[in-house]
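There are two complexes below, and they share subunit A, which is joined by subunit B in the first and by subunit C in the second.
== the complex of A and B ==
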């Protein structure tokens, strides 16, 4: 780091830190709020309390929401990783202009506003009888997440030499073996990050959920939503803190693993 | 011709309206080192990829030791291919790369370990067994690619311009290595290149390819010394080629009319139709004016030096003569004159050095 010690440099640095603060401060505010002993959103004045964390664990609405969201996000991740990866590999192998068009069509769900999307799901799910079912939500979320996986896997494939596939086949590998032993190991980072995107997207998706679920399926974002709408429950701050901590833990684990993998010859 | 080890019969590949390969036929014997030599876009790689199974021929047959390859998938053909850029698997070590085809063939682990060791020893890479391809030099990667193909002892080894990405010195060294490996292992090789030096020095046979057709097939010395067409003469050895207007044969031998000049030539009965005269640059001798012009076995004419380039051991000269511009290449030590641009000198060559070739490739079909 050899930033010049001139005034513009200092101003630049100050601006950068201000930006960081602007992004992080709202996140930090929820942490003290989550420890309030009161039943409403407030900074703890005297004592700290874990009562809102208790609520998360023992209140059926919260724990049920967390479990439902975990279930939906996990299955959505698996489905969209499998479909998105196969789709990206297939389109990479065929190539050409027509595939470009098809890719645009598949990426369309990312461009269409979620609310339009949600309406479309709502209308179709009525006809299919999938409203307010876990499977209905999983299918909708998979539709949204497949393009995300396709983007990251396609990016990984763009640096992948077609000749590796040719070489593997000439050495005697059938197409499935090529996929398993040659292509997948080389695009794994793209597959994993696609999976992470898919999980996060499904985990905190709310708009589509509001349209296609009612009473039977309640996900975590939905619980958060209604608890804010109804009575500003500090449990929202508690779940936010848990999620911030979980994200932080994931990033730290990722960095440590990367560091351990790096010095390899 | 008896059935060869590898037979290509009337191979045609069309992409829509474009013809990549236009009726190529070849037959090579076991142990041959065949080079498909041609400019880029000539269809040589298409022929190689058709043998490998990555290009489906529009017409024609490819038969390897009695087995028709065309309906087989690439993985069923049991060939070895070294690709341009080597296509080593980046996530595997050198040893794992070489073991890969053996694992696919369900070898036992100890047999695999033994063969990998033998193969790496053969290409002198034992020390690098645990490295990743990215940690090796271009030449080492090339040898890994060869080892990976040779470990399962395929009947046929295909080389897709594996040397073109390397610098000159390394290329020359690897050419020698591939050649000696070919002799040691005895595998039949089909090599693709646009580099005539590589083709001449490595191969036992060369097929010169132009516009999807095999223009000439033969041993390197045969192709070099007896080019059949203007294209072959130009492409291999950068020959001077001049269009012949007419050939007349009298009692004292044949003469060809070139640019209004009658020159003595040796007739070539194989050429029907339009002819041209091919003259290798190194056959032209440059000397001072006024040498004896009565030698019937020599063609002698005045020439003006337009340009000369010193290459050390040899000197290349662009000269202008009565039959047009010519390029001459002489050992610098044997240059009879100090070459200066604009000087008038005498150019001469033995009559038998001038070779009558066919003006265009298509005329060969009528033979």
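== the complex of A and C ==
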């Protein structure tokens, strides 16, 4: 089934390309803006300048934000990968109707609008004394990231043969041994992609952060947010360029690997 | 034994997620002057009515536009050569993974009064004055459609890939014209994918905070930002919690009603790859 090489077929293709370019083009516009020598948003007219990249490195608001975000996202990733993987494996083994309710509860953070759980965290974190602490952010982010890991690991488990687990168990292996020696090596891609999801989600998260942190904890998204809201600072273009370049590299690597792994038809 | 595997997640989500959420629902019924006063205020207040209409209007237009464009792109994606598909996928996946803040900022860089679009408009002589493109409803909807498109394209593409192309060939062989074969065979088979794309795009748009807040510039306020403003300025927890509860109810209703027709397997299976 291919589009006919006719006028309507060409129009469809042209429209689709227009849509796809609409997706990528704005992200490329930030690149020249980041090299402007001015203090306001503009395209560099003559000389290029790296001053906004220097800001990222030497201004405490930016460098501190990057380090805080790295710390929070790393710990969140480890916690949610461990908790989410264990849970997915447990639910896969236990199965049955009772697990459906639990699955629904654990997937809730994916459905509930962020603003609603941001309010919820704020109210309860006040009482727990976790407001404006790194720990408070990590806990909140972990509850949001566990379902992401659950989904990717459950998907990987659905392609895994139950009988391998039975065989290991009947030969006397205990559940933790089975998990470590039999299950984990087989579902590793699911665990890794769950971890990547979790890291990116925590790294980019802003809405909960706006509610549960104030001055002591400043993450990168918070610095970006206040820079956009107060005065549009070209340093945002510099960090955006870095993030777009990193994403571009990651997606190219992933697409190349997927192409190599795909069975040739 | 495997119960202990499930326990950490169950306890964490129950005590530190569901209970805090339940407290918000409780607050909407008890805080301030109580249930009737809070929900009454939501139902009768003129500013809240305006805000709800703005939200519904933007959300509806965004969802319809996103689904139309997504369907087109997913359909073409299915038909192009392997090489072209890689390029198109690159353009779809990069925005998907880039931070929502960066994407909203990029639109400010593109659309502001001295940005490339306005420069082009003035250079070509279409306008003399810069045209206001952001900090209004147009900017918000543009930014939202841009954010939602990958979430519409990917589930639709995953679902369309599962449709047997031989069915279309059979319809054509039996004498159906291309458009009839599409309308009577392909379109109905792609509906489950369309439903899952609809659920994802609609619930994201309805509770969207970041993009409307940045591109609306305080002039266009949707429900999520409105709730945040109530908390940060007025400390009106009762009304904020009532709005949050209503937002949550609508989202859950959409998920459970429209979600029944959706094709979740191909969506989740699609994310596996």
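To be clear about the criterion, the second predicted complex is superposed on the first by the 245 of 265 C-alpha atoms of A that agree within 3 Å, B and C clash if a C-alpha of one lies under 4 Å from a C-alpha of the other, contacts with A are read in each partner's own complex, and residues count from 1 in each chain.
By our rule, a contact is a pair of C-beta atoms (placed from the backbone, for glycine too) under 8 Å apart; a residue touches a chain by one contact, two chains touch by 3 or more.
Nothing here was measured: the structure is a model prediction, and the numbers come from that model.
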Inset, instruction - Give one word, clash or fit, describing how subunit B and subunit C relate on subunit A after superposing. - result: fit
Legend entry - Larger contact residue set on subunit A - subunit B or subunit C: C
Legend entry - Partner chain in contact with A:30 - subunit B first, subunit C second, else both or neither: second
Legend entry - Which of subunit B and subunit C A:48 touches, first, second, both or neither: neither
Inset, instruction - Check the residue A:259 against both partner chains and state whether it touches subunit B (first), subunit C (second), both, or neither. - result: second
Inset, instruction - Tell me which partner A:245 touches in the superposition: subunit B (first), subunit C (second), both or neither. - result: neither
Legend entry - First, second, both or neither for A:214, with subunit B first and subunit C second: neither
Legend entry - CA minimum distance (subunit B, subunit C), superposed complexes, angstrom: 12
Legend entry - Residues on subunit A lying within both footprints (that of subunit B and that of subunit C): 174
Inset, instruction - Write out the stretch or stretches of subunit B touching subunit A in their complex. - result: 52-54, 73-75, 77-81, 83-85, 87-91, 100-101, 104-105, 131-132, 135, 148-149, 152, 158
Inset, instruction - Note which residues of subunit C are touching subunit A in the complex, please. - result: 1-6, 8-10, 12-14, 16-21, 23-24, 27, 69, 72-73, 75-80, 86, 88-95, 97-110, 112, 114-116, 146, 149-150, 165, 168-169, 178, 203, 206-207, 209-210, 214, 223-224, 227-228, 231, 237, 240-241, 244, 247-248, 251-252, 255, 268-269, 271-273
Legend entry - Touch list for subunit A against partner subunit C, complex: 1-4, 12-13, 15-17, 19-27, 29-30, 33, 41-43, 82-84, 86-87, 89-91, 93-94, 99, 102, 105-106, 108-109, 111-124, 139-140, 142-143, 146, 150-152, 155-156, 174-175, 179, 190, 193, 200, 203-204, 206-207, 210-211, 221, 224-225, 228-229, 232, 236-237, 239-240, 243-244, 247-248, 250-252, 254-255, 258-259
Legend entry - Of subunit A, residues touching subunit B in the complex: 161, 163-164, 166-174, 177, 181-182, 185-186, 265
